[in-house]
Amino acid sequence: MADYLLSLITFFPLLGMLILLFIPRDNEGLLKSFALAVTLVTFFISLPLAFDEVFATSGGMQYREFHEWISVGSFFKMNYSLGVDGISLWLLLLTTFISPITILSTWKAVDKNVKGFMALMLLLETAMLGAFVSLDLFLFYFFWELMLIPMYFLIGIWGGKNRIYAAVKFFIYTAVGSLLMLVAIIFVYYYAVKSGAPIDGFGVQAFYNLAIPSSAQHWLFLAFAVSFAIKVPMFPVHTWLPDAHTEAPTAGSVILAAIMLKMGTYGYVRFAMPLFPEALHTFIPYLALLSVVGIIYGSLVAMMQEDVKKLVAYSSVAHLGFVMLGIFALNMQGMAGGMIQMVNHGISTGALFLIVGFIYERRHTRLISEFGGLAHKMPIFATIFLIVTLSSIGVPGTNGFVGEFLSLVGAFESDLRWYAVVATTGVIFAAVYMLWMYQRVMFGKITNPKNENLKDLSAREIILMVPLLVFIFWIGVYPNTFLRKMNPAIELLLHQVKSKQVAVVEPVQPVIAQNIVLK
Amino acid sequence: MITVYHYMILSAIIFSIGTFGVLTRKNAIVIFMCIELMLNAVNLTFIALSRHLQNMDGQIFVFFVMTVAAAEAAVGLALMIAFYRNRESIDTDDFNMLKW
Amino acid sequence: MLSILFYLFAVVSIFSAFYVTKSRSPVNSALWLVTTFICFAVLYITLDAPFMAAIQIMVYAGAIMVLIVFVIMLLNLGTAVKKRYTHALVWGGGMSILMLIVTNFFIRRSIPTGTVGDITTQTIKSYGHTELIGRAMFTDFLLPFEIASILLLVAIIGAVVLSKREV
Amino acid sequence: MYDYLWLIPFFPLVGFVFNGLFGKKIRNEAVIGGIGTLMIFLSFLVSCGNFFTLLNDSEKVHQQVIASWMSVGQLQIDWGFLFDPLSALMIMVVTGVGTLIHLYSIGYMHGETGFYRYFAYLNLFCFSMLMLVLGNNALVMFVGWEGVGLCSYLLIGYYFDKKSAGDAAKKAFVVNRIGDFGFLCGLLVLFWSLGSKGVWTFNFVEIAENAHLLQTGGVVVTVVTLAFFLGATGKSAQIPLYTWLPDAMEGPTPVSALIHAATMVTAGVYMIARLNGLFGMAPDTMMVIAVVGATTAIFAASIGLAQNDIKRVLAYSTVSQLGYMFLAMGVGAFSAGIFHLMTHAFFKACLFLGSGSVIHGMHHAYHKAHLHDDPQDMRNMGGLRKKMPITFITFLVSTIAISGLPFFSGFFSKDEILWWAFAGERGHWMLWLVGAIAAGMTAFYMFRLVFMTFFGEQKTDARAKDHIPESPLTITLPLMILGTLAVVGGFWGIPHALGNIFGHMPNYLENFLAPVFEHTQELNGLEIKPEMAHSAALEFGMMGVSVGIAVFGIFLAWVMYIKNPALPGKFVASFTGLWRVVYNKWFIDELYAAVIVNNCKRIGTFLWKGIDVKIVDGIVNGTAWAVKGIGGGLRYTQSGFLHNYAMGMVVGVVVIVGYYIFG
């Protein structure tokens, strides 16, 4: 069982999807409950991973699976190689955890072609899980591209008014990036074969030990970096995100925000950084700059949005800036902060999109100006919304703080401290745009008569929010549960990255103290 | 002495003539015949080379070319009949439905 | 002797091929085409391939030409209206001459290589050309042969479907 | 006893969870209010137990670690508590005043729809404040720091259907966040700079022990302390971040008393006192703090002179008094600052609660008379001393205390600060002068408040006049207790000069807090200048001057508002411009709105509509348009004529083969 656990987790939703295809189209209730059951079972199968203590002690890959998959002559060998470590562990669990919630959230929201919707959701889950556990670059690329297709249809079919534009934009943006990545992958493989290094098909771990010349590294890193940056998304390639989010159905937005954006950051951690450490060293200042610009830019733009969903989308840009900044700090704290912030963003922003979904279902509009005074009619909603808002702002005691704080600690320890100072102002802006939005939606008197008859959250909606709230506080108060199992993997990763950097600058050099002691 | 080059040059000439016909004639059936001409030119090369290399494979290939030519003739002419039925013409200038 | 035969039929085939493209009436073209085919069959014989010559006559000069002529009759195609296609003539002629030059160079500069077999004029004479073809076709090329037969079947069905009046 | 330290914040948390989850269902105000009050009272009892244990304990610093919070590499942060004289004093103030205000709220908030919500927030606030005070490392303090900011947001926005309340709440939170940015930066720079010396810590005790690793007066210390000070200005409403506090008066009055007078706003002062080891090493920062404190004191007092809303006067008074505390911190008089913090908590809480009692009465009267006048406007009051005797007496006592008349609590603490400002090593006569003038202004506007409210003619609408009742016992009892404290609270920290007269009474408070501050003060020479240290005459002289200024202020108020009520009008008429500027709070809010808020909005809009939509999306869509255009152009090559395609093929063949041969 344990030998094939990852395959089981990854392909269970796909299996479910195949069975789902035999359920009659009109039986919507059964379709929904079946999809929910499949995702729930997937979640329960993946739970043993969470309790496995091996991650707390070992940073290496666990639950390895290895089979030969495709081999073209003796040259190209793609293997089916899976594995999970402390870095992908929580993202994997986040995926299995969020999926049932999204399915549950669509109970009333999706009314046309439920069967197709559910099938695509399940396919999407398989693709995302596969991308997180692949250790073979080619397999990763396969899942990475596979992810795109269901999402494209989810936006394009079940989306809002401008859905085609958004879907195509999303698709093309991502496809451009991934093609660059494909070229880089092939080049790396070609180089590995030519150099006669011991490799294992497209196995990424063997690639870690390649000594790619630094001029090539730069280009390869750029290709990977652009591809992942689009997915993250980092400034200035973020503009697909607001459109995709705004137009996507609630479930699509949640999946997009909670998990798919993490693919980009995860890609940096797993692939771009350890594969090309020298190039990373060169590009870190620029990437960190983009991250910081993203934080400030995302915040300022979010502040002026009139559409709640767009606001949340731009806030994602800002939040992921923190993730990237933490990762680029290249030390334990920053990395752990980035990783935990990925999970946080998944939970908080996922929850925010669900919340927007709730009011959208009730009022069929997302314009802030249409609302106001909802706290009167929807007290439970107001409370949940407030908690999630606070988590998004990063109030201590909620998850957002832990992630932001660790990222910033890491950045301050590294050479990026001046970026970090600027990034810290992001906490101010976050408060401004989130609270302003909250105030305009929830506070005040009810001015719009359409809001008079709004109903508070139903039991289903509360049930689907509660797990998210639990994790908001859990990570906020006792993040060690998660950090403990991340630390060994992060240590190993940093070792991999740093052992190969030519000029590794010690992150703890007190530059300010040495250089500018004025007195 | 006649060498394989002679046959190949002849085949090239016939092929060019076939090309000329395809490019200049407007009647679909004549174009079709010119294509047969080109196919035959190729066949000649095959057989000449087969002989030159003392190997049977080229002739087998000719056999398959003929098969394809026969199939093409059947389908192509059927298409022409179908087309004529619609357009009362088999002039290629009337075949412009592929236009943007 | 052989070279005389070659040159004779080569010239005739070039001449008749040219008339295929030149004749205004499709029926004339078809007849010139038959001439070309026959010349080719003779050339095949000079290449020690009597079976291919026979097939050439039967399939091309026989079956395909009959089909073409039959279609010409069916569609009742008359002589093409005289149109001046100088534009197309110049371009088409230019292109085909260019092509000729290019292929000429190609042929002149290249040496044919490949797997040299053991079939000499003697083997052909002692076994017979037909037998050799048959051996090759039904041993090494059995699968392609079967596929070709399926192709023909498909073509038959296709032709029937396409030419049926109401589909 | 110290093992039960965790119970102190735990009880309010229980209250919060209980009221937050079940309060709505219970609907019984007695139960909700009772639970809320009981919880904070229990934590008051535990605090008392700990406090008195500490008094008799020779070991003054105790830590209790509950659990590990974050541990990543060299970063180890615990959920831990630190109990030393400073935090002991603070928790006594927080839980003590907190209990009284909870009790008061039961009466004051009677009948409000969100009663349960109010008590849940109040308990949450107490929890956060206690975390702030008790945290043994800067990060736990930050939890409390943000937590109180959050509760302040929630409680200011308590009447959330009023737009002004929502705006004020948001403003409070955002301005606080600007401060928090400073706090966070300070925290991070400190962590890194100490870490680079080999000490990776956020723990206060360890920071204090290792502060010497950093260079005294060096850039790092100055930057760190300035950043922390920015945090303090946000939380404690100092220039330039004070603007949220007056607006925060949109919240219910007990909230103003608890959060915006007695406890939360003093967090900045507490934080500086807590990090005295660092601040002591940064003379430049100390100077900045002293100057900012003094400026805020006089600036806020000047605004207070002209306000008519009873709570706003008190709000500006709070800002001004906080300025005093910062002045104290800036001149190194840490214990004096904490002393003033304590006495201020007593008398300002009493004043706010008293004003709440008045507002409650006025509201009641207007309600009965079906009028919609502003119950907080002092111009509608007057002569209330007969209607509300208890409120009046406690209010008056507290006013005397804040004005610094001898032997009331404010006198001792304020004079100690002024003495340090004048005679301390880091002091300066200018600081003293500013402080003394501000004290005079304080006396003036506070007595103006008392005279306008409780004396003279009753100016209330005739219809409502007779309906003003004295408040119920739940309201007056806390008033009486706080009033008593406002009178006697000062005797705990009698200045040396006075103590010598009273038969060598020691300054108990200073001795009590000594373990916390002694070290820093010795190390950095934060003492009274030696030439003045033993001059009792000078000290008495300064005392006399400041009391004189205060009495003059009171006299002026009496002249203007009792003896000759027409005088203020004439004054306004002759100095219209000046008066308008002061009345409109020096137009600072408008300035901020114009310079910062609007520009932020403008930049945001520009980035969105300009950069995002026009440039980035312009490029993206432009690419799409270009591809479409090229495709549209190339489309015409598809003529549909067979010959063109055939020609294309032939050309292709010729070119490829030609390239193959000749290329």
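We just call them A, B, C and D in the order they show up, numbering each chain from 1.
Going forward, a residue touches a chain if its C-beta (ideal position, glycine included) is under 8 Å from a C-beta of that chain, and two chains touch if they have at least 3 such contacts.
If you're wondering where the values come from, they're calculated on a predicted model, not measured in any experiment.
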Out of every possible chain pairing, name the one holding the most C-beta contact pairs. B-C
Rounded Å distance, subunit B centre to subunit C centre (Cα mean): 7
Using mean C-alpha positions as chain centres, tell me how far subunit A is from subunit D in Å, no decimals. 38
Averaging C-alpha coordinates per chain, one finds the centres of subunit C and subunit D separated by a number of Å equal to 100
Cα centroid separation, subunit A vs subunit B, in Å, comes to 59
Could you list the positions in subunit C whose residues touch two or more of the other chains? 88, 91-92, 95-96, 99, 103
Residue list for subunit D, restricted to those that touch at least two other chains: 643, 647, 650
Junction residues of subunit B - those touching two or more other chains: 19, 22-23
Arrangement of touching chains [line / ring / star / complete / other]: other
Output every touching chain pair, sorted by label. A-D, B-C, B-D, C-D
Which of the residues in subunit D come into contact with subunit A in the complex? 24, 67-75, 139, 142-143, 145-147, 150, 153, 157, 160-163, 165-167, 169-170, 173-174, 177-178, 180-181, 184-185, 188-189, 191-193, 195-197, 214-215, 217-220, 223, 600-601, 603-605, 607-608, 611-612, 616-617, 620, 624
Under the definition above, what is the set of subunit C residues touching subunit D in their complex? 88, 91-92, 95-96, 98-99, 102-103, 105-106, 109
For the complex, give me every residue of subunit D touching subunit B. 635-636, 638-643, 645-647, 650
Hey, which residues of subunit B end up touching subunit D in the complex? 19, 22-23, 31, 92-93, 95-100
Which of the residues in subunit D end up touching subunit C in this complex? 643, 647, 650-651, 653-654, 657-658, 660-662
